[in-house]
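The following blocks contain the structures, represented as C-alpha cells.
In what comes next, chain A is part of two complexes: it sits with chain B in the first one and with chain C in the second one.
The block that comes next holds the complex of A and B.
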C-alpha cells in the first residue's frame, strides 16, 4: 500500500472545536492529517458504530489535550471555534436561511441515496455469491413456501434493485434483528414491488460533522497568541518533546503525565514516562526512586523535565527550533541501575 | 448481534494476568476481526521498538493508518424501516422518541409522569420516551437513533451538534453531565453494563440510611452472631477472656501480668492496646458526620449485564457504585473526602467463611473510583478493610500463615 495514494489532505489552518473547556476534532480526514503531519494523536473518545460493544477500538470525536490544542494554535496550524454558540445560533435561533437548510437536506438525501445504493449492491453481490454456491437449478423441486424468500431474490436479480426488500439478516443494525419474521413479511407485502424503479429509498444519515452546513472562518493571520488555550504547567516539556519528534499521549494509567512514543503509537511502543516540573519545584526524592523503578520495570525511561527560568536555551534542539516555549527546557532520564 | 458481541467480549482483567488491550493504542487493522462474528482480539506485542526507516515498516504504518481512517470515516445511516427517530428538546437538553424499538430501550430512557413531562399530559405521553443527554449521545454514537433538531423541517442533528448540545451546552448551563462522566458512562455501556445516574448525581443526596451501617445487634442473638465470633472456640472462652482482660485493666500494672498462660492468644490479646477502626461497630452516622465533597461523590449505579433482578421500573440494588473523578482537576482524595464518600456506600460485610486476604480485599464497604484523564478511564476499587478485626494470632490450622496473598486494595478492579 503506497504511503501517499490515499492519504487525505486538509486545508490549514483547520478548526478545533471548543466546548465545555475541551478541544475536539470530528473530521476523520483532519484526525488522520494531524497524526501524519503534526504527530498529534489526541484521544479518540467516541464509539465505533460498526463495532459498538467493545472498548478496544474507539471512534470519533477526537479529544485533544489542552497542550495539543495550544501547540497547534501556536504553530498556526489550527484555530479554536466556539462550537456551542455556533450550533445554537444556526439550529435553534434560526441562524440558517431557508436556502441553507434546503441545501443541507438535499446533501443528506444524496448521501442517504448513495448509502442505500451501496447497501443494495453489496447485498445483491452476497446473494449472487450464495446462489452460485447453492446452485439455483434444483430449486424447482422444493415446496412452494420454502422457496418464498429465495424466489423473491431471484426475481430481483433479474433487474430490480429495491431498498425496502433487504432481508433482516443482511443488516448489521440490531434493531432489525428483533423484528419478527412475520413483521418483515408484512412490511414487504405492504411496500409496492415496483420492478422498474431503479431508485432505492434513501437511508437517513447522521452526519459526523456540522461543517457544512455551518461555516467556520480562520481568524486573520496577524492575530496574536492571545487566545491560545490554557495548558498545564507541564506544557514546556510537552512542547519540547514534541519538537524533538515524539508522539505524546496522556499517561495517567501508566503512572506519569505523558507517554512519549518514538513514532506513531499505532506501530511503536513508548520509550519514556514523562513528568513535567517547574525549574525550582521541590519534590520528594522518593518520587525519583519510585519513578525510576516504575520506568525500569516496564523497560522505559523515566523522564523528568522543566523549563529553566531565564534559560538561555542551552539545549541545542530547542535553540534550533528557536521557539520561546521550548527554549531552555532540559530533560533528565532516570534509570534504575542494577549494580 | 449486539447481544452476541456483549457476551463474546472479554471482561478485561478477569484473571489479573491477561493484558488489558484498552491500555494502549491498538492496530486498527484488527478492527475487522472484532466486528465479525468470530470475534478474536489481537494479541499484544505486534508493535516495533523504534522507527528504522525501512519500507516494510513505513508500509505497515501506512496500512494501519489507512485502516484507522477507514474505520473512523464510517457513516452512520439508518434504514427507513425500523429507524428510531428522536427529537431534541432544548429547554431540558434531553431528547424524546415515540415508541422507540430495539433491545437497548429496555434499559434506557424513561416515560415521565404527567407532572414532570415538559409537554404535559397529552395523549401521546405514554409513548413518549425521554432520553437523558448521556443516553442520546451514546445511542447516537453507536448509530442507533436519528436525532433531529426541533422545528418544521426536522433537520438531522450531526454527531458534532450532539456533542455541542449535550455536553457543551450542558456545561454552560451548569448541568451534571461532564466529559468525564460521559466517558465513564459510554465506557461502561460499551462493555454491556446497565448504568443509571445515582441519587447523588447532583447535590449531596440523602443522609446515608440504615443500609450503610452494620445492623444493630438485638438481644436475641440471631444467626449472624455466631458467625461474628467464630474465631473464639465457644461463648465460654470469650466470656472468660474478656473478664480477665477487664480485671487487669489498670494503669499501673504490666500489660502482661506474670502468671501462667495457656496460649499465646491470651498474651496477644492483652498486648492489643491500640484502638483500631472497626466498621462493624458503627450503627449510624455520628454527630461529626462529614459532608461529601462534590469531586468525590457516587455518580453512577451500575448493574451487571447478567443481573436478572434488574428491571427499568424497579432496578433493585446496584452491583457497583462508581464515583467519577477528574484526574486533571482533583488530587488524591484526603482521608476526610474518602470517609465521607465511603459513608454513602452500603454496608456489605465479607462472607465470614472466606480467607483472610479475601476478607481484607472485599472490605466492609466499597466504592469504585473511575479516574478520567482526558478521556482515558482507569478504575480503582476502594474497600473499607478492617485489619483490626482480622487477628492473626486467633487463626487456626496454619501456624506459619499463608503467603502470597495480596493487600487489601483491589488494584485495577476494572469495574469488578
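The block that comes next holds the complex of A and C.
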C-alpha cells in the first residue's frame, strides 16, 4: 500500500524493470514519487488478492508506457533494468557468489523459523483456550460427531500422537491450508511429541520476490550513454506535452493515442485527445473530422502534433520550453466550428 | 422542339462567371472551383460578408513579410463571433456582471481565415504548418481579391475602413493563429472545423 508519508524516500535515478517488453515499477514509493514529481501516472496492472474478480481497481505493479519509460530515462530520472537478463545471470549462470548464496539461505531459514515459531505460538494459545473452555464441562455432553474427525486423523498419523488431550494440530485450522504440505508433514514427522516446545523446524519459504537475493543494480553513472527505450513515432508530441506540464494517459477509450490532462487526472478532466504523427505522414481528412467531432462532443480538443521537419525549426505555437528534445514540435488543436 | 433546359443553379452560375478568366497559374485550378464553392456556401448558407479569396501568387511574393499561401484561402466576416477563447469568455462575463448587466455580452464579429479542402484529399501536419506560416493572425485589411458575382463579397470598401475586425481584440492577437477549415464532400455538404496553431484549451460549451 502506498505510504502516507509526505515525501517518499526514493533516490533518483530509479530502476524501471523491463520484462516481456513491458516497463514495470514495483515499489509504491517510486510510483508515488513519479506521479508527484514527474507527472508520470502509468497504469496499475496488478490484480488485488482481496478482489480478484474485478479489474476496475488494480494494484502494483505499475506499467509504464514505452514513451514514459523513455522520457524518464532521457531525463536521467530513471534507468531500465533488464529483468530477464539479470535473473539469468544471477541464477542460471552462477552470478551469485557462494557467500551471497549462504547469506540468503540463512536469511530464508530465519524467516522460516520465525513463521514456524509464530504458528506454534498461536496453536499453543488455541490449545490453552480450548482446554480452558472444556475443562469444567462433562465430556459426555460433547456431541458425537465432534470427536469423529479426530479419531480419523489419529488413525492416519499411526498413533504417533497422544490420545487424551486435544492437539492443536487437530483443531479445525485454516492456517494449515496455506502451509506447504511437505513442510508440515516433515515438521510433524520429525518432531517428537515431547520436543514440541523446543525450537520448531523451520518452514520452507518460497520467495515471491527476487530482489532480496538480487542486489538492485547500480544506476549508470552520469557520463555513460544510456539506450533510451524504443518509443512509437508519436513520442515527440508526448514529450512536448509532458514538458508543457500535461499529464498523459493512454487514449484508447477516446480513440486516440493519449489523453492530455492539465493536472493530475484525479483532479482534472482531460483537455485534449492527442494523436502524434510524422510531419509528412498523410492522413484522411475524414479522420480529422471524426476526431474533431468526437473531441467537441466530449468537450475536449482534438490535437494533432509532430516534430516539424526541415528548415530552422521555427518554434511556433506555445513551444517556449528550453528542452532541445521537444523543440520544433508543433501541434494543432481542432474543434468543431459550430456552423 | 427540345424542352427548355432548366436554369443553372446559383453555384453553377457563379462557377461559370469565373471560368474564362483565370486569376492564377494553371496549377491552382484543382482548387479553384472548390474555393468558389466554399465561398458560395459561406455567403449564402452562413451569411458571411466581405468574402475575399487569397490566391497563391505565381511568383515568390515580393514582400518578405507576407508569404503567398500554398493554396487558395478565403477570408470573410461571419455574422456573429465564431470563436471565443474560454478565458476570454470568463473575462467578458465578469466585466459584464461588474457593469451590472445581465445576459450574454455582445461580442463583435471577427474576420476569419478559411481553408477550403475536399474530403477526398490527404492531409499532413506539414500542410497545416505551411498554411499557418503564410497567414497573419487576422486577415489583413484590403488583402485578397473580391469574388465577382457573389453579392456583398466585400465591395463596401468604406465600411471595411471603419473597423478592422479582430485587430483591436488582444485575445485574438495573443492567442495562436486560427483558421477555419472548410471540408467539402461530394454531396456539397461543407463542414467547418477551427484549427489552432498550437495548444489552445478547449471551449466548454
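Here is the rule we use: the second predicted complex is superposed on the first by the 185 of 339 C-alpha atoms of A that agree within 3 Å, B and C clash if a C-alpha of one lies under 4 Å from a C-alpha of the other, contacts with A are read in each partner's own complex, and residues count from 1 in each chain.
By our rule, a residue touches a chain if its C-beta (ideal position, glycine included) is under 8 Å from a C-beta of that chain, and two chains touch if they have at least 3 such contacts.
Note that this is a predicted model, so its numbers are computed, not measured.
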Partner chain in contact with A:262 - chain B first, chain C second, else both or neither: both
Larger contact residue set on chain A - chain B or chain C: B
Touched partner set for A:289, first chain B, second chain C, both or neither: second
Contacts of A:101 with chain B and chain C, given as first, second, both or neither: first
Touching partner for A:271 - first (chain B), second (chain C), both, neither: both
Common interface positions of chain A, toward chain B and toward chain C: 262, 271
Chain C contact footprint on chain A (complex, rising order): 241, 244, 262, 271-272, 277-286, 288-289, 292, 295-296, 299-301, 303-306, 308-309, 314, 316-319, 330-339
Contacting residues of chain A [partner chain B, same complex]: 1-3, 6-8, 17, 19-22, 24, 26, 28-29, 31-32, 35-36, 41, 43-57, 59-61, 63, 65, 83-84, 86-88, 91-92, 101, 104-105, 108, 111-112, 115-116, 119, 163-164, 166, 171-179, 187, 201-211, 232, 249-253, 262-269, 271
Contacting residues of chain C [partner chain A, same complex]: 46, 78, 82-83, 117-126, 128-129, 132-133, 176, 180-181, 183, 191-205
Chain B to chain A touching residues, read off their complex: 1-3, 5-6, 9, 12, 21-28, 31, 34-35, 39, 41, 47-51, 57-66, 68-69, 71-84, 90, 101-104, 138, 140-144, 146-147, 149-151, 153, 155-161, 163-165, 167-172, 178-179, 183, 186-187, 190-192, 327-328, 371, 373-376, 378
